[in-house]
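Each of the two complexes below includes chain A, the first together with chain B, the second together with chain C.
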Partner chain A sequence: MKEKFGIRQFTIYTIVILLTLSCLIPMLNVVSLSLSSSAAVAGNKVGLWPVDLTMAAYERIVNDTQFWRSFGISVFRVFASLILNLFMIVTLAYPLSKSKRFFHARGLFMSIILFAMLFNGGMIPTYLIIKNLGMINSIWSLILPGAVPIGSVILVMNFFRGVPKSLEESAWLDGANPWNILTKIYIPISLPSLATVSLFSIVGSWNDFMSGLIYMTKIENYPLMTYIQSLSVNIAETLQNSSGMSSEQLQSLLAVSDSNLNAAKIVVAIVPLLLIYPFLQKYFVHGIVVGAVKE
Partner chain B sequence: MKNLKNKVLLSILALAPFILSACGGEQTEEAATNADGDIIMTVGQQTAPNSKLPEGDSFSDNAYRRLVKEKLGIELESAFEANGEDYDRQVSLAIASGDIPDMMVVSRDDLQELVDNDLVADLTEVYEEFASDQIKEIYGSYDGTTLDAATIDDQLMAIPGTTNDFGPNMVWIRQDWVDQLDIKLDEDGNHAITLDELESTAKAFQERDPEGNGRTQGLAIANWLTSGDHGSSGYTATAITNSFGAYPKVYLQDDNNEVYYGSNTEEMKESLTYLNKLFKEGILDSQFGTRTYDDINAMMVNGELGIVPGPWHISDWGLVQAKTANPDAEFVPYAIENENGDGKVNAVNKSATGGFVVIRKGFEKPEALIEMLNVVFDDVANSKDMENEYPELYEYAQLAVDGSVKPFNIELFPNESEIFDAKEATQAAKGEISIEEISKFVIQNNARKIKDYLDNPSDSDPSDWAVHASRTLAVNDVMGSTREANILNEIKPIVIFQTLDSQQRSGAQVGKLEEEMFIKFVTGEESLNNFDKYVSDWNSQGGTVILDEMQEVVDERE
Partner chain C sequence: MEQIKKTVKKSIFKKDQHFYLAMEQKKQTVKKSIFKKDQHFYLAMMLPGIAFLLIFAYGPMFGLFMAFQDFVPAKGVFGSDFVGLDNFKYLFNLPDIWRVAYNTIFIAVGKIVLNTIIPIIFAILLNEIRVKGMKKYMQTIVYLPHFLSWVILGSVVVNLFNLDGAVNQLFEVVGLDSINFLGSNKVFPHLLIWTDVWKGFGYNSIIFLAAITSIDPGTYEAATMDGASWWQKVRHVTLPGMMPFIILMTILALPGILSAGFDQVYNLYSPPVYASGDVLDTYIYRIGLIGRDYSLGTAVGLIRSIVGLVLIYVSNKIAEKSTNRVMF
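Coming up: the complex of A and B.
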């Protein structure tokens, strides 16, 4: 039954390879920018391979105290968010996965959750709440607002529903209470879906820069992505609006736009995600698909 | 993307009054004090990502804040710190929450919002009473236009920063190539070349390829083609259009006081026809329109471009890269004489305002702002012996610490002071006056750099060359001497600080139309015969409304 490597196969491979390259080339470019000399970068000479190989940009990062401070903030945020998210997801998804016979108010809770998923207060009201709770400039303003990722709750809920009922029933007969059933049966069996939502949580909180911009009023409290964002300057746009800027201001803006150094910062910032991916990836696809199918 | 951000800001502002109506009613309260009895004043602190602050100093704790504490007994505390658009967002959030810091720098539109909601203090009296003569003299040099911008209902509601913007626009030409190819430029020595000279030089550079890399272009211009002011004229054709008497991207008044748009004139059509000719002849980069700023900058650095249009300070941040890559690269600036042969040079002069410092209504000591102005822009700026009087700020100047570290990120200098400053620095560098006699520290510093360059031109630091090029060659030689020789034809466009409603609505759309059509006109994709059609499109897509609204504002002023 082996298919021959025909024109069909060829086309598919070409498309897939092209797609892969279109993802890979920009990353390679950033890596080689970070390893090239500043002069080569300014001269637009760097393509896929580094020109005048140097680690100078990385040496400067090592000395950038704010970078490591922000790095630490981001790492803490990711772990705290992950633990909180998983706890919320599991404890919410389990009761919701039960039918109306066991959980009478399920419909009500489900509609509250769906409503909260579709609508929110918007930026200003959310800001005011955070401010009045005294969380401005606190790490918790980055963690608590995203404590319940509803999409993930629904994903895990559907996964729980896919678990054969007979497993739970036999546990009942053996005298297990709901808590035992959740921790001893559901959680171990649902690892693929939990790995998936963990990945969502990690990637989401690592990459989010917007909440840092809004809730943090001092640079020293910025998480890593907000810090890196604050370093990026669109030179062409700046130049078009540069009336009224002194030569010193322009000079310092151009120094900030050092693509060489910024590329190195981006590379360092994606390393943690690259390290996590391989461990969770095998669950990743599996998790989404399994959760989607119901009995 | 930028548009989206603007929309977010706008919606914040739109919401502000509703939220604010719930607050208010507070009157002057006792200001908070620290343990030493100093008044604590909260500020919105603008920052810069590359501040170059010395180890241990930060935006929350720096030499300026220590100076203010020592001299005025005021402890400054950041309510928030952010830079650029993030700062604007923090200001909007502060306004929306009705909890603004005691002092912050805002835009003209934000100022209006704050005044409408009665959140900021009237500074008329404290300014009159406390501002030093020097400070008043600075504002006086702008004929009051700067203070007027901050005056609402005859009350001074903010302290405005000054910016000025004046020409003429220039082109920077590789002098080493000119010498190498033995081209005659500016033989009358008035620092202005003719369009023909520009064209033949570009042609010679391109054909004879002095750097020998085979890729030399005559003229390369960024796709936004023109700029409305001198400061952002880098990599644009504004200098060329000015020589035709066209002033793109500014609003002007004709003899009957009627408002018109500088990009839509018959003169602009002529300039575009000329640029189209250059494009067809291949003197203007054949990839015009698609080449990005980064590409053009790279060409300049790699020695593929011998003519770069740009403002007086482009040597400091742009051309210095070429000088660093190749020490032989010597750019010299020239203005362009008018195309009609009257021997004059057209230029635009915009005195403007940058940033408005406001004091929260109810803050106990509004005069603190004026006292800080006196310290920063009078006492320190005019100190003859910085090194001993203000050692910490002296160190900041040596390290080139970003100006945003001041309690308020505004500048205050007399109109056209650049010319006077550059002249003084140049004279001192040439030994005509003593460097130590110079009253301003910044000028002393520049004089030393120019001197270092002049003492040893072939083997100097690129940044010394950059200062020499910007201050001596551009400001002193071109901008100063064209004024002295009286060959400058300066026009003053309409300056409006707030954003007009009509501009808010359709400014972006007509701007895009202009940009796209001009690229097509230059590349010949669209015939210049359709210029009138473009103008009527511009008008119908919202331009007429903008002109009408501006006419109203202008008429009201008179």
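Coming up: the complex of A and C.
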């Protein structure tokens, strides 16, 4: 049935378009800030379009060794975490997907895992464990504590459970051992859900700034997000420590030097996520629907 | 003759029975021994994961004893003095803690409520978009903020809501007084809630959009035949159809009441708005890690974890009662 385009439709379209623009415009603003001259940025002249188009900020980034160092730390961390996470997810999810008849100790291990998800020691005891293990300022402090993503283990476990038992039985009758069954049947069949948890892992470790903040004491060990975060903190601290000028004066003073540079850093930090964004959209939707609708 | 035939057949059957029984038993033992081998395989497989959990999840739980100690790093958990509930007594006498608890609950409840309502509205409206392709592009755009770190979005928000940011410039044009969004205790908690809604409304609408598409189109046709208006259809068909999802999502969000989002708050707050924006997680970070009062920080963390556990239990029970579905 064709409906005519009335006032109601017009209102609905307007609201939805405005909400969509609210997500787009701030991002466009950052991009145009990064492409504008510092003077234009300081004068608050930049809106959706760059003013005095210049690549100066990006040229400064190219020579910023700390930025690339942090970038490298983040990239390494993403890959190392991804490999470790996938290994842990599969090795935990596969035995747990068996019923109690086939894996006698399932109940015990399931409760160990669930309790670790529901209850945690909190920030301070975790910090002290990392410290006692000598991992402060080590890149492993960013990778090892999050090695077992429990939510993802449960998601993949549920997916494994949905694999038809007859497949496994026939493989078993042909003399396949559990390892063969896992690598030849379960893993190939579960690629969509493994893609989902991989993306959870990638986005999570790329975006995390808190572990860098807590476990790293030197700026040269910061992952990218912690490094970018520390830039804005420095501004806030300078603002606080200076008593002579009014905060507005100081704010605009600092804006001259750094706003377009920071915007450029943000843009570069978003790029890797934009590259995998098509996959993100596809598999995150898969993940959220599988996780909530099925059980 | 007949008699003999029968006995022979019987004895043959009997023999067969024995044979089959023996076969069956042999099969069982073979199967059992294979199962036994499988058990070891499964156990070996789980070993690394469980070991990591014991170190990085259960290790810190053991460290919670610090909450009852006067913890000194040099002495460790075993050597530090036991002080019973002193840390908690001290904590509850701090004027800060009640303010922080109030802030946390206010911000978290605001987020839970609006992070349900706004995505529902958005899903209903988005479902009305009929222009081909437009819906898809819009979804691509509105999901984006969900995937970005609060470090990034924090500076975007600061950019917009600064005293001389775009929003205040707009206010000036319209003739309104400028608002110090990031520095006023009256406005700041609301800024936290609404920017969180902004980050997540697109992504959170996915599940509700799935819920709407699962409603039988026949119901809408029937409603149209009965002369129902658009609003009546939303009110009496769409919303009831989504209700199980709405209830489930709300229940699932409940345990988050004590975590108002460290990442977001840390990237947006500053000393002038501690009074309204300081939440449990940032408080633990500041007194525990920056102030190095490990015992006190652990005590706050312990309360937070226990309340979280209780809330999960309660919401699981509610979910069981209302939707016949358990989470665990």
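One rule holds in what follows: the second predicted complex is superposed on the first by the 236 of 295 C-alpha atoms of A that agree within 3 Å, B and C clash if a C-alpha of one lies under 4 Å from a C-alpha of the other, contacts with A are read in each partner's own complex, and residues count from 1 in each chain.
The rule is simple: a residue touches a chain if its C-beta (ideal position, glycine included) is under 8 Å from a C-beta of that chain, and two chains touch if they have at least 3 such contacts.
All values derive from a computational prediction rather than experimental measurement.
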item	value
First (chain B), second (chain C), both or neither touched by A:225	second
Touch count on chain A, higher of chain B and chain C	C
Contacts of A:53 with chain B and chain C, given as first, second, both or neither	neither
Partner chain in contact with A:217 - chain B first, chain C second, else both or neither	first
Which superposed partner A:105 touches (first chain B, second chain C, both, neither)	second
Touching partner for A:62 - first (chain B), second (chain C), both, neither	neither
Partner chain in contact with A:128 - chain B first, chain C second, else both or neither	both
Touching partner for A:167 - first (chain B), second (chain C), both, neither	neither
Partner chain in contact with A:39 - chain B first, chain C second, else both or neither	first
Chain A positions touched by chain B in one structure and by chain C in the second	44, 123-124, 127-128, 214, 236, 240, 248, 251-252
Touch list for chain C against partner chain A, complex	35, 38-39, 41-43, 45-46, 48-50, 52-53, 55-64, 66, 73, 122, 125-126, 128-130, 138-145, 147-152, 154-160, 162-164, 166, 169, 198, 201-203, 206-207, 210, 224, 230, 245, 248-249, 252, 262-263, 266-267, 270-271, 281, 284-285, 288-289, 294, 297-298, 301-302, 304-305, 308-309, 312, 325, 327-328
Partner chain B, residues of chain A touching it in the complex	39, 42-45, 123-124, 127-128, 131, 213-214, 217-220, 230-231, 233, 235-237, 239-256
Of chain B, residues touching chain A in the complex	2, 8, 12, 15, 19, 47-52, 58-60, 78-84, 86, 89-90, 93, 96-97, 99, 163, 165, 222, 224, 227-232, 234-235, 292-295, 297-298, 301-302, 312-313, 316-318, 321, 324-325, 350, 352, 354, 400, 402-403, 411, 470
Chain C-facing residues of chain A, complex	1, 3, 8-9, 12-13, 15-17, 19-20, 22-24, 26-27, 29-30, 33, 44, 47, 87-88, 91-92, 94-96, 98, 102-105, 109, 112-114, 116, 118-129, 133, 144-145, 147-148, 153, 177-179, 203, 206-210, 214, 225-226, 228-229, 232, 236, 240, 248, 251-252, 262, 266, 269-270, 273, 277, 280-281, 284-285, 288-289, 292-293, 295
